[in-house]
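Following this line, the structures themselves.
In the two assemblies presented below, chain A is common to both, partnered first by chain B and then by chain C.
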Partner chain A sequence: MEFKGLLAIITLSLLSLLWVFPAYTVLIGSLKSLEDVIGSPSFMPPKEVDLSTIVKVLSDMREPLINTLIVTVPVAFLATFVGSLTAYAIYRRFDRVSDTTIVLIAISTYIPYQVLLIPFINIIKGIERYLDITLFDTLPGLALGLATYYTPMASLLMTIFITVIPKDYIESALVDGAGEFKIFRRVVLPLLGPGLVSTFIFILIMTWNNFFIPLILTRGYDKHVALKIFSYVGQSGTLYNEMFAAALIGSIPPLVLFILLGRYFIRGLLALGTGGVR
Partner chain B sequence: MAVIEVDRLMKIFPPKVVALDNVTFSVESGEFLAVLGPSGSGKTTLIRIIAGLERPTKGRVIIDGEVVADGEKGFSIPPQKRNVGMVFQTWALYPNMKVFDNIAFPLDVKGLSKEEIRKRVVEVAKYLEIDDLLDRYPRQLSGGQQQRVALARALVKNPRILLLDEPFSNLDARVRITAREFVKKIQRSLGMTTILVTHDQADAFAVGDRILVIDKGRIQQLGNPTELYNEPVNMFVAGFIGEPPMVFNELRVENGVIEIIKIKLGDLKEGRVIIGVRPDEAIAVLTPPTEGHVALIKGVVEVSEYLGARQYVVVRSGKLSLRALALTEKQLSRGTEVYISIRKVHVFNSDDGKRLASITGF
Partner chain C sequence: MELRYYVLFVLLTSIFTLLLYYGILWNLVVSLTNYSLLNPRIEIVGFRSFNELVVDEEFRDSFFRTLIWAGILVISGNILGVTIASLIFQVESPRVRNFFTTIFMYPIALSMVVVAIAWRWLFDHVKGVNVLLDLVGLPKVAWLQGDNAFWSLVFVSVWVYAGFVAMLYLAMFYNVDKTLIESAIVDGANTLQIMTRIVIPNSKQGFIVSTVFLTLFAIQMFDLPYSMLFYNPFTETIVIYIHKKFVAQYFYVASAAAIVVIVISAFLVIPYAMLGIKRWVLKR
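Entry: the complex of A and B
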């Protein structure tokens, strides 16, 4: 027992190092001066702590951070809500149509989105021409792009979460005279709580960390944090300390969110395992 | 007047599971009908079709003279529009709502005013003696209380009929007895036409004015408890009803007399029959009685089951094996020679299990 316990702790510690090491590098890298970060190995602590990089990058990051927030939070909300509606419809139908729908949704989340982006740009251009609006290189356009790709994923997640709700609740509400929308709003949505939070967090992190979709759908670097971090990679050289600082700052918001809502996230996952929300 | 009419109801689940096969019966106004059957008998499908949660493949359901489902015409009024009250096996109380809101739910979806809802919820809660629980959440209630809340929610909208799907099976044995009495009392005083579905004959006997026994999707027998117990139409009903269950033996008939028990049969001269004897209608005694029996056999105790208040013994006499009630103070041990005074014998056709005759000593 003693030996086994020790072995487990050592294994877990080694595994966690795999995750901790990059985070550590980013943290100390952002505290180094440019000479120090280029001149010393990346795992060496800074010769002297230099906060000026972080302060400078923080002011640079203001605009992309706000833009990313404006885009990703509504997208995560929308994707989660639409996803829960889809999940409810599939849950209620339970026939060949719903089976096909869920397969299509699953396939669409498995296709690498990079493959779809050029046709997607064409569609966006088409919408722009048809409706006489601008979407390319705008925040609503970026939101549309992210929502298009991540709504199926949210639907898939919610479809899994909704199966935990006993059918008796819905049938009882039917007998009690409630229509589908009332059942969804009054009975299903409240019971989906942990599942909604889990999906919301997941989609928010996925859209926050997405790089390729903002790269294709916008110009410049200010509309998404991932682009801004990338902007520190120059043609003639990379400002490693500033890039590390940007990466650090850019990863804090989803981290804070996860810490705040993490227990709901875990509760959502647990609900799947135990097969019951009560 | 018949409030519920079920007419040639047939339900086939694809590809070819026949859940209900040509089921026809009606329930009178204010009657309490218990539908009794083993699991997989189709009883739950039946109640779900009446509620509108399933569509019949064939046949019709008529509530209060209104055709609510017609399999041939392929139409089925959705459950929301049937005004049926239903209590589910799990009670299905919404865990996110307090008791008040649970009971209020059917009225709330109707769009009644706040005062009206409060008035009716409090009224029904008082009636079911749960008015002190309205501010609690379902998880804070005992099983019996949860069941009353489910009943209140089913009754608050003044439904045309009440459907109860195994409402007692999640209650422990002690609470179950009082819950049955309570449900029966409420049903009587409201005069509510009610169908209860159960696999437990004690439930059915406690509450049912009539009992419909169903197996493999077919009605086996419909009658009041005495009829089912004393005149079962076939071996299924005979074996399913009664506790401990009836014991069957296949015996030969020679010259119109059944072997071993020496009972004369009217029509059948030669062949085989199955006889059924209830343990409570076969008395094991040490000295042979002179009257009160239709057959008296001598046998040896094989197994003795002492239950405190009662003692049953399994007695063998040649190829005949019976379970009998032992009316003696002392325990009858294995190997004791006893007489069995059989008070009543049911005789069944050995081919199709239909009852041919019941021969009784009184």
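Entry: the complex of A and C
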């Protein structure tokens, strides 16, 4: 190996200690017993591994974990599918109308959603009155809130990913007399595989980690995992083992996705950032 | 594609997108009224809410605090991001490169609440890194007291986003024309010269993209300060201010502050979206 490569690896290793340290602290902290927590600094390894905290917190978090799964998976799926429909239309149309559509979608995606949530409550209240249903503080209401923000984002992502499909494929299908829906289903969807996976994984991680939207659209802490983790900050005082256990359990799904399918997540980020697919 | 099919295909996304624009419009309209818990009768009163913002010391503080946060996040995020990216760029093995990319990027795949909990305990006066400082004979630091809390949180935000910036730069580095680098090597340039004279100057787009994104991240900063220190006056950002006013049902003030956020982000986002989409997606 070259000298400069080795030097780079040594420097990176030292620097990465700063990135590993907090994760390590959370991991070992959640393995501590009560006496250990009271007596030791947060980053010291436990005297003996005590799994009771994790077991206890896991059973406390069952409901929010299931609720988050019920909400985020369908939202990510719907956003990805609807996004690919939009992307196909924009790719096919390719004129002033579709230019305007994508620019409007992009702007709404990059404007901080936090400031749009108060009006969103008004919209929800309006729908509630009009249809005589309850949305505020329900899982469908939370799903609607997440879908409102993440569907345009998924559409933007898919619009970028769809450009890898050669236009000739679609044109030859047109010559064969296929309709728009048939082309979308038979030609475009199968070729979009990696783009669909990237968008799905990206939206799934973002909705799983979202804190602000559930905070505004629900009450209590049981409808979303980020709220549940947050609830431990207030409740457990200085007993950091429970907080750490909650943080650890709530982070495992997005972290596993990130480590196993990180390249898809990174493709999503890169597409949003640079609009390029490498 | 015929227009009727086009409308059908973009219909659902358009509904959601229009809801977001409705939100912008709603904020604009409400900011011109007196809509609050105290005024059940809503009336248009003009720009009074913006006047109230300007004279409200709490808003001014949160406004400038957010701008300072953005400035420092942009500068340190870019410096650290370029450094990490340049180091990873020197590594030959793709596996080692992926390993380091994962390590520096994993915070962005975590909820900010989790990040806040981890660092809250490292900043703890008695049980945090102060123990290590004490061990090597350095004085303890009150990480979360007063203004220190702000700087500690700025540090955490840099920690979260540095890997993201590094990845943006790395993507640009790989797009730099290889022949430029090779001819520089033939001319006897060393690694540092190649990075500072060829690779980094040819990755200006990375700087633009990360600056836009880091500024946006700072302007919408809420989860991190809120979940670590709740309504701490030393770490109050514009979005926390908005949230506070919303909870207190001062809707017209919250909306006026929301308009401030929207205007700042529009200045960044509109040119970025127009140029970026044209150049990178439509590829005319």
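To be clear about the criterion, the second predicted complex is superposed on the first by the 239 of 278 C-alpha atoms of A that agree within 3 Å, B and C clash if a C-alpha of one lies under 4 Å from a C-alpha of the other, contacts with A are read in each partner's own complex, and residues count from 1 in each chain.
Convention: a residue touches a chain if its C-beta (ideal position, glycine included) is under 8 Å from a C-beta of that chain, and two chains touch if they have at least 3 such contacts.
From a predicted model like this one, the values you see are computed outputs, not experimental measurements.
Q: Have a look at chain B and chain C on chain A after the superposition and call it: clash or fit.
A: fit
Q: Regarding the shared-chain residue A:E171, is it in contact with chain B (first), chain C (second), both, or neither?
A: first
Q: I'd like to know which partner A:G268 touches here: chain B for first, chain C for second, both or neither.
A: A:G268 contacts neither chain B nor chain C.
Q: Mind telling me which of the two, chain B or chain C, contacts the most residues of chain A?
A: Looking at chain A, the partner in contact with more of its residues is C.
Q: Using the superposed model, determine the angle chain B, chain A, chain C defined by their C-alpha centres, to the nearest 10 degrees.
A: Reported to the nearest 10, the angle reads 90 degrees.
Q: Look at A:P112 in the shared chain and tell me whether it touches chain B only, chain C only, both, or neither; answer first, second, both or neither.
A: It touches chain C, and chain B stays clear.
Q: Determine, under the contact definition given at the top, whether A:L191 touches first (chain B), second (chain C), both, or neither.
A: first
Q: After lining up the shared chain so the two structures overlap, which partner does A:K182 touch, if you call chain B first and chain C second: first, second, both or neither?
A: After superposition on chain A, A:K182 lies in contact with chain B alone.
Q: Just to confirm the value: shortest Cα separation between chain B and chain C in the superposed three-chain model, in whole Å.
A: 10
Q: Report, in rising order, the residues of chain A that make contact with chain B in one complex and with chain C in the other.
A: 278
Q: Contact residues on chain A for chain C in the complex?
A: 1-2, 4-5, 7-9, 11-12, 15-16, 18-23, 25-26, 29, 40-43, 82-83, 85-86, 88-90, 92-94, 97-99, 101-108, 110-120, 122-123, 147-149, 151-152, 155, 159-160, 163, 180, 184, 205, 208-212, 225-226, 229-230, 232-233, 240, 243-244, 246-247, 250-251, 254-255, 257-259, 262, 265-266, 269-270, 273-276, 278
Q: Which of the residues in chain C come into contact with chain A in the complex?
A: Against chain A, chain C makes touches at 1, 3, 5-6, 9-10, 12-14, 16-17, 19-24, 26-27, 30, 84, 87-88, 90-92, 96, 98, 100-122, 124, 127-129, 131, 159, 163-164, 167-168, 171-172, 174, 191, 205, 209-210, 213, 216, 219-220, 222-223, 227-228, 239, 242-243, 246, 251, 254-255, 257-258, 261-262, 265-266, 268-270, 272-274, 276-283.
Q: Using the touch definition up top, name the residues of chain A that touch chain B in the complex.
A: 166, 168-169, 171-179, 182, 186-187, 190-191, 277-278
Q: Mind pulling up the chain B residues that touch chain A in the complex?
A: 51-53, 78-86, 88-90, 92, 94-96, 105-106, 109-110, 139, 153, 157
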